[in-house]
């Protein structure tokens, strides 16, 4: 675990314990704690720690899951290069429902070509990046249309995303609502199981859920 | 026009006038008013007038659009029989957005097999049938799952439909919101243009929008 | 009527006709059309025409209703001065529901002092000002709290406003949804009736609805 | 604690531990476990265990908090009688936001007398009572109006309640959304602190939050 003391990291640690997995490696802002070589590395840290993550992954040559949000294009490029040496799953959102949201957005956008589109996302007041990584994934699905993202920060909301298409006379919205961070932790664990069976390469969470098509 | 004095009928009449079409036949609770043989018959009446609609369509052998909601299975069966003699488009909802809602529901349901599902619909307080015909179309897409439909009646809401899938840890909703009855009138006009080019047969509004696939 | 060819102006004209009032004065971008001295002046124009509105009101010394949005503080100051000579109702929103939304926002804000707050508004793609005048009225109710307004522009949505309070563990939202511009036209007509009984002075739509408290 | 192994009971136990309180009495379907006389009794059980709760409270003469939902009028009557001997707080919902929702509903209902009203509530699929106790509290605020409650059961939703008022031309909704059961546990703890300072009597959670007015 890298970033095991953050909100998401803590949730992953809880789930690992619950499922009987052992945490043999910890790296956080306070330093490193090694008990054994990890079978899989899970990164839930911040963009500022990203270069450390890369080094750690190279050192252990263990499969890597990157759940950090706020990464830039050049960070993703470095991950893709590293994926020649180890299998990597990277996603800004590890929930099944968000994968479905992305699929539906894609399909709706294809049919409703000339409708307006707006994205809204709401997260807890402590979230550091804005807009959320998931909102950016949705935006990417909408192609070259000019799309505004409205980011709300409220209390400790786990994470809501809405994409709304507006025509003359009607609107169509798709909304995903995360009830707890547990959802993401389960997606990360599912990705870990997926990676144990995979060759080197760069995988999306979409591939973890829907396969390689 | 059959049922030209209802809410939806009035909207269709307005749109026809605006587009320069002439209304040559009217049939309502107050009786009949014929100026000429109609090119297309549009039915926006109530289930109680349905047998009259069938007779009128047979008499003129004009293409028929049926927008009446609250029809029963045996009514639809009669329409299908009549479609051997004239081309017919029948739908409980003539909006493009609702067609997309149905497609997305289908796709989401296929992936989220073990999630719970709920349908909610809201309409104006004067709506006679409950649940709405559109809610029934959504329910049909969800197959054999037990699905509850909650029907709300509020003020003069034009028509909202939401289908929500609920998993452990997240929910995913698709919502259609009709801004005005004009949307439906435009779908009906589009269907009229479609029918003028078609042979006898029973067509859905989905075929008007997406073609025959 | 000033600005009778805009979206809202047209709706007001329709309602006046329906109720048997006669339109004796029109002023729009194309010029003036006087049949008689107006009993009440209704302004649904744009901020750019505001100085013309003031001159016209002085000329007729008729009670004035100002429904134009996007006015600045100095414009309001001029109106207040003019209200020494004629009775004036000014509001950025003439719906009863919005007045209730403002009242509820006030009360919720008083209790939920340390919760986060966010405002969202959605309007048709043709709306010129951003954020909406109503969103600014809501913001004013929230006092000195830092509050973000997210403005969405979609199809021909008549006007939605949501204010959400977010605490640790829960959120509370109040949403107003305008179904058609008719609602605003009715509020304007109600204000006209109100003004016919009033002395010179500057009145809010809140006073039209709830009286002078 | 009575009912400490249920969903809500477990959350209360966690919070008590976290705050350094000790759990000296447990009563659940598996029997009783006494370490000491409790200072306060907290009941998060089911209606079927209600008579046991009453007996336990009499036995210890400790202040009692009743958070069980699905109680009937006669159960409440028994509680009121018992409150001659011990101080009692009873509520179907221990969140601050819900108390505000109830207040706002009251105020909106007073102004929007002739508008339609609908209540919707969504909870996790395991919730036993339907409609929720909170929905019934909202309904009570709406007086003698005929009000429908739509109950949705989806995944593990913590608890959402919406009351919508619908007029001709607009709607106004108030929505409360519980993010986690923790919110309720905190309200229960707050009630426990409140009770330690109170004489015998029957108190609502509204009194815990807003005082005795």
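Each chain carries a letter (A, B, C and D) given by its place in the written order, and its residues are counted from 1.
Here, a residue touches a chain if its C-beta (ideal position, glycine included) is under 8 Å from a C-beta of that chain, and two chains touch if they have at least 3 such contacts.
Source: prediction; values computed, not measured.
Both subunit C and subunit D derive from one sequence, and where they touch, over half of the residue numbers involved are common to the two copies. Fitting subunit B to subunit D on Cα positions gives a rotation angle of 180°, stated in steps of 5. Note on chain placement: the centre of subunit B and the centre of subunit D lie 44 Å apart, centres being C-alpha means. Between the CA-based centres of subunit C and subunit D the separation comes to 41 Å, rounded to the whole angstrom. Centroids of subunit B and subunit C (each the mean of its C-alpha atoms) stand 37 Å apart.
Of all residues in subunit B, those touching 2 or more other chains are 155-157, 165, 167-171, 179-180, listed in ascending order. Judged by the touch criterion defined above, the protein chains are all mutually in contact, each touching every other. By the touch criterion given at the top, residues 155-158, 179-180 of subunit D touch subunit A in their complex.
Across the complex, subunit B is touched by residues 115-116, 118, 120, 122, 125, 148, 150-157, 164-171 of subunit D.
Across the complex, subunit A is touched by residues 95-98, 100-101, 103-104, 107-108, 111-112, 165, 167-180, 182-183, 186, 210 of subunit B.
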